[in-house]
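A quick write-up on the structure given underneath.
Here the chain labels run A, B, C and D in written order, and each chain numbers its own residues starting at 1.
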Amino acid sequence: MSILVDRETRVVVQGITGRDGAFHAGQMADYGTQVTSGVTPGKGGMKTDDGIPVFDTVRQAVDETGANTSVIYVPARFAADAICEAADAGIQLVVCVTEGIPVKDMVLVLPYLRERNTRLIGPNCPGIISPGKTKVGIMPGEIHMEGPVGVVSRSGTLTYEVVHHLSQSGLGQSTCIGIGGDPIIGTNFLDALELFREDDETEAVVLIGEIGGSDEEEAADVIARGYPKKVVSFIAGRTAPRGKRMGHAGAIVTGGKGTAEEKIAAFKKAGVDVAETPAQIATFVKGLLS
Amino acid sequence: MSILVDRETRVVVQGITGRDGAFHAGQMADYGTQVTSGVTPGKGGMKTDDGIPVFDTVRQAVDETGANTSVIYVPARFAADAICEAADAGIQLVVCVTEGIPVKDMVLVLPYLRERNTRLIGPNCPGIISPGKTKVGIMPGEIHMEGPVGVVSRSGTLTYEVVHHLSQSGLGQSTCIGIGGDPIIGTNFLDALELFREDDETEAVVLIGEIGGSDEEEAADVIARGYPKKVVSFIAGRTAPRGKRMGHAGAIVTGGKGTAEEKIAAFKKAGVDVAETPAQIATFVKGLLS
Amino acid sequence: MKIHEADARRIFSRHGLPVPPSELIVSADQAKAAAEELGCPVVVKAQVLVGGRGKAGGVKLAATPAEAAEKAESMLGMEIKGLTVEKILIAKAVEIEHELYAGIVIDRRSRKPLMMVSAAGGIDIEEVARTSPEKIMKVIIDPLWGIMPFQLRQLQSFLSGEREVARQIGEALKQLYEAFMAVDASLAEINPLVISPEGKVWAIDAKINIDDNGLYRRSELSELRDESAEDQGETEARKNDLSFVKLDGSIGCIVNGAGLAMATMDMIKHYGAKPANFLDIGGSSSPQKVLAAMRIILRDEKVKSILINIFGGITRCDDVAQGIIDAKKELGIDVPLIVRLTGTNEERALKMLEDTDLITAASMDEGVEKAIEASRS
Amino acid sequence: MKIHEADARRIFSRHGLPVPPSELIVSADQAKAAAEELGCPVVVKAQVLVGGRGKAGGVKLAATPAEAAEKAESMLGMEIKGLTVEKILIAKAVEIEHELYAGIVIDRRSRKPLMMVSAAGGIDIEEVARTSPEKIMKVIIDPLWGIMPFQLRQLQSFLSGEREVARQIGEALKQLYEAFMAVDASLAEINPLVISPEGKVWAIDAKINIDDNGLYRRSELSELRDESAEDQGETEARKNDLSFVKLDGSIGCIVNGAGLAMATMDMIKHYGAKPANFLDIGGSSSPQKVLAAMRIILRDEKVKSILINIFGGITRCDDVAQGIIDAKKELGIDVPLIVRLTGTNEERALKMLEDTDLITAASMDEGVEKAIEASRS
């Protein structure tokens, strides 16, 4: 059993008639994901070029197709409502790819999800993939391979880079979760570590952090208190200047807090190997697993 | 172990310098309740005539006296804030005696409590008593006696009447909970039944309902599905006209829903004895327990 | 608290709902002037706080100002379910293609506002709920977030397949919710919400009940209370902080606590008689309240005996006893009083009543039986 | 987005905060007139978007209109931390008895707004937090309920033992929170919030940062952006939907994805050189974006080579290749370009670039090493 998603995952794509939604619905289906349905208000009744039925509301999609997981590609200003709609329709896992959602919206959305026991991945994230089983998001499926390494990351392409190295070194992945680059996200490092803790397919975890916030420090704390799997980490942004946002809304050192040095120190203190380059991650994991 | 409160309960009285708060703080202390502290904003630092220390905020009261249960006597317009203050300070059980709180306030308060895992009894209720151990509320302590009967009721004085009969018949009470007469309350019959279910001090439960809403019907449903204790019920308002509020904000038959007949039928269907008069309740319980 | 349609329309308008223009009038002349100003046809609507006024002849269409005057004339002073028509609303008539229903209440089960809509409007919604539940859509609104865009989309597309009409409906539902919350309503209803042949949405009726407990926040709303729609006793009770409901039996009741008061009524029935009223003097009683309670009950000539049933807790029995003594002095009571007092300060109370001609009872059962007996003698 | 004090004061005022009256001026004459109108003494405050302007001489007291003019004159055109003073705020001075601090940010851990107050105001609050944490009180605000009365009582009684002063502080904190939420702020700060000798509370400074993602909701706020406070490249990047941060090294970088872009910078450092910039072309790239990125980077004369590091996912490598070709044609690039392209449409891209003089690299490590080497030759 992989975490969060597996072959039984039944996906509804919110914003399926948009450019990104349409493209990735097809990509996911090609990868083998059960893309059961899509939602675009006002376009209910049509089918996509890939033959996926489109509904006006998530509730209809759930009722008609048994979707249990949603992936969201709607524009930022409609995304918070789309997330809540999914939760209200009983969707248990929502992956929000959309970037640029106001922080205030997320602050209001998260308690709504919590009340409904819905887990959110993202926003502003590449999604989640359990190689060989299913992918829900936008990551290129072909660079992944099945195996024992769990990956959790705040970034998108940097994760692809790391996964690429892992696969090339023969290290497959159990599940890769892109938790997103925003300051306020639904699932953080701690949550992901807890999921991997119990996952018997996962033998080692790669944690790819970056400057901003203190999620990495909190993860290091948890590992220091006893974590049953090997962990290798990487922190992006050692050379980032203070007070400047580095692309991701969450990647900023403010008031001297959230620096790469602090995070690296916390991991080292917790006994976690911290790689200097993406390629080194694979080397470290290989060493730990052999 | 009684439910919700026991000898270890440490009470803070919110609104302790008001007429009702002051009087009942003394009454509770006389009964043996550990009344640790009181709160009235702006009066922190003083002591009541009974020597109970007064604080400006619940947080201070909790920090200084280890209070874990609050009982609220503040006026209706300040009650919602008082309830939230207690929850925010880490109080796990809040008993709100105050009557006349707008429904909208309660609708907003309940999710706040839920997020903080705080249980509310009431509002507009007499409170809770575990005879011989502690009382948190306004009921006359002397009519109660220790014993095996759990009592849960939407009303105040009617409960006293029933308890009076029980005690006179030699049937003591494990815990009596007045859940309150408002339409929106923190703890309802179902919640109380679940608490009594596991309570090894309780052998039988008396459920005193009234017209309005469908809490009684839901309780009957639960009992019908299998409840490990004997239950006797009573429904007030058989002679109440439709569409008229009978004192309690929640006691009203609207749109033909919430009648005494429906409730009585539901209990009978669930195999629960329904008493015709308060005195009969004690007779029924006696029969069931002998 | 129920408020008149005219007031509810004003609240709806303030929140942007599409309510046709109207004027409130009290004479046939005013009706004519209003109809001229608004432009005919107009609807002439009796302002009474009861349902079913349409069937009772309280709603009429008028094609000309003269007709409006005539219909208003015949409606003014008319009785509808015991209430006299004193005011009339003259509203611009709207052509109707479809009638929908939209309403909000506080749902006790979810503890949240619940919006209910139906494509079958203009008729009794409870009837629709019973016979054709599939014609109704309900959504629970989380007041922390308000009604959400996705919920409006669900509701509006359930009510209309036409994009522009659906948009207007969604807008109206949002405004209805805002009005509901703004006035601390316990019910807000548009029945019917209509679609005109040109595809314009109108709220042509308006009903709002307000939570009395929330009135302190908006004193201007308190002024909307129409005491003429209440029993005189209820008005007086409210002013004295009592809960009173008039019934048609012969045994008056004064009780502390709503549950005990209902149980007292039920027991009167159980023993074969009928209660004359529900009356709860509440928690912190005082002699004045008992006096007021007695005055209200004595106004009912059907009352043959009065039972005072008190289980003292916060209520002090001596306060009640003092109230009874005062009442006997001031009101000249000529029906038997049966008194059952137990609890706080019981002994002092019984001593106070020792030299009176009251009938005392040791239990509620005994009190009820004695009250019935006394009412028959 | 940072906005000027004058704009933040206006937002605070609109939400009822007690902000002393002020005028924004651009000349000494205007300063004099403003001081006359407001009444002296006044404070002359340079409007620049950096902290520490007080220490840099950007805040002065003036006892007379003439002095205000004089101080404004000397301040206009002055440089503070690289920014030129172009506007000045003339604000009525208030007497100060105590200086407090009040600020709100979004707390990442609780995912909610966090209000922080301190009786030690007027100075660097991070310094206070480090050295005297007991002087700070923090409360987490649940935005679904807003800041609650009990929280205001906690905060105000922490800041003042005087009832009336505490009441004013509570009021101000509530308004600060309302302003924070109303503009989608990521930070709102009053430092200092002062108490005058007469016990009146004043917000004499105002700072607001706004969440760029929320700007679409209030277009009037977008106009408060001061582009003169930004690097020219940053402004241009924002208009082209790129993320760009200027640094002081010699290796330009064009990368897709913020994490990969940071990792690229870090790796340049790791291999012994310094990056000239952070640049993320984002997800759905286009040739135009690559062209704009190239133009921005080439403006920096310190740049000795440019590394293009793309891991194609949504980003299509052929789009990037087209952008490079366009840039070479249009911009006349005279520094070496090192290209690492992998992922979506990689092969097509490499074919497109076959006949150019670009240096290609098979991996990120190789790309970085070649870029450093090229920069040194």
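In this text, a residue touches a chain if its C-beta (ideal position, glycine included) is under 8 Å from a C-beta of that chain, and two chains touch if they have at least 3 such contacts.
Here the structure is a predicted model, which is why all the values come from computation and not from measurement.
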Pair joined by more contacting C-beta pairs (A-D or B-D): A-D
Distance-maximising chain from chain D - centres being C-alpha averages: C
CA centroid of chain A to CA centroid of chain D, Å: 28
Euclidean distance of C-alpha centroids - chain A vs chain B, Å: 46
Between chain C and chain D, centroid-to-centroid distance (C-alpha), Å: 57
Interchain centroid distance [CA atoms averaged], chain B/chain D, Å: 54
Numbers and ranges of chain C residues touching at least 2 other chains: 142, 144-145
Residues of chain A touching at least two other chains: 108, 111, 115
Residues of chain C touching chain A in the complex: 142, 144-145, 148-151, 153-154, 157, 163
In the complex, chain A residues that touch chain D: 19-20, 76-77, 99-108, 110-111, 126, 138-140, 143, 153-161, 164, 181, 183-184, 208, 210-211, 213-215, 218, 234, 236-241, 244-251, 255-256, 276-279
Residue ranges of chain B touching chain D (in the complex, touch as defined): 41-42, 56-59, 78, 81-82, 84-85, 88, 108, 111-112, 115
Chain A contact footprint on chain D (complex, rising order): 106, 108-109, 111-113, 126, 142-144, 181, 184, 186, 211, 213-214, 216-217, 243, 245, 247, 255-263, 265-270, 274-275, 278, 280, 283-284, 311-315, 342-344, 363-365
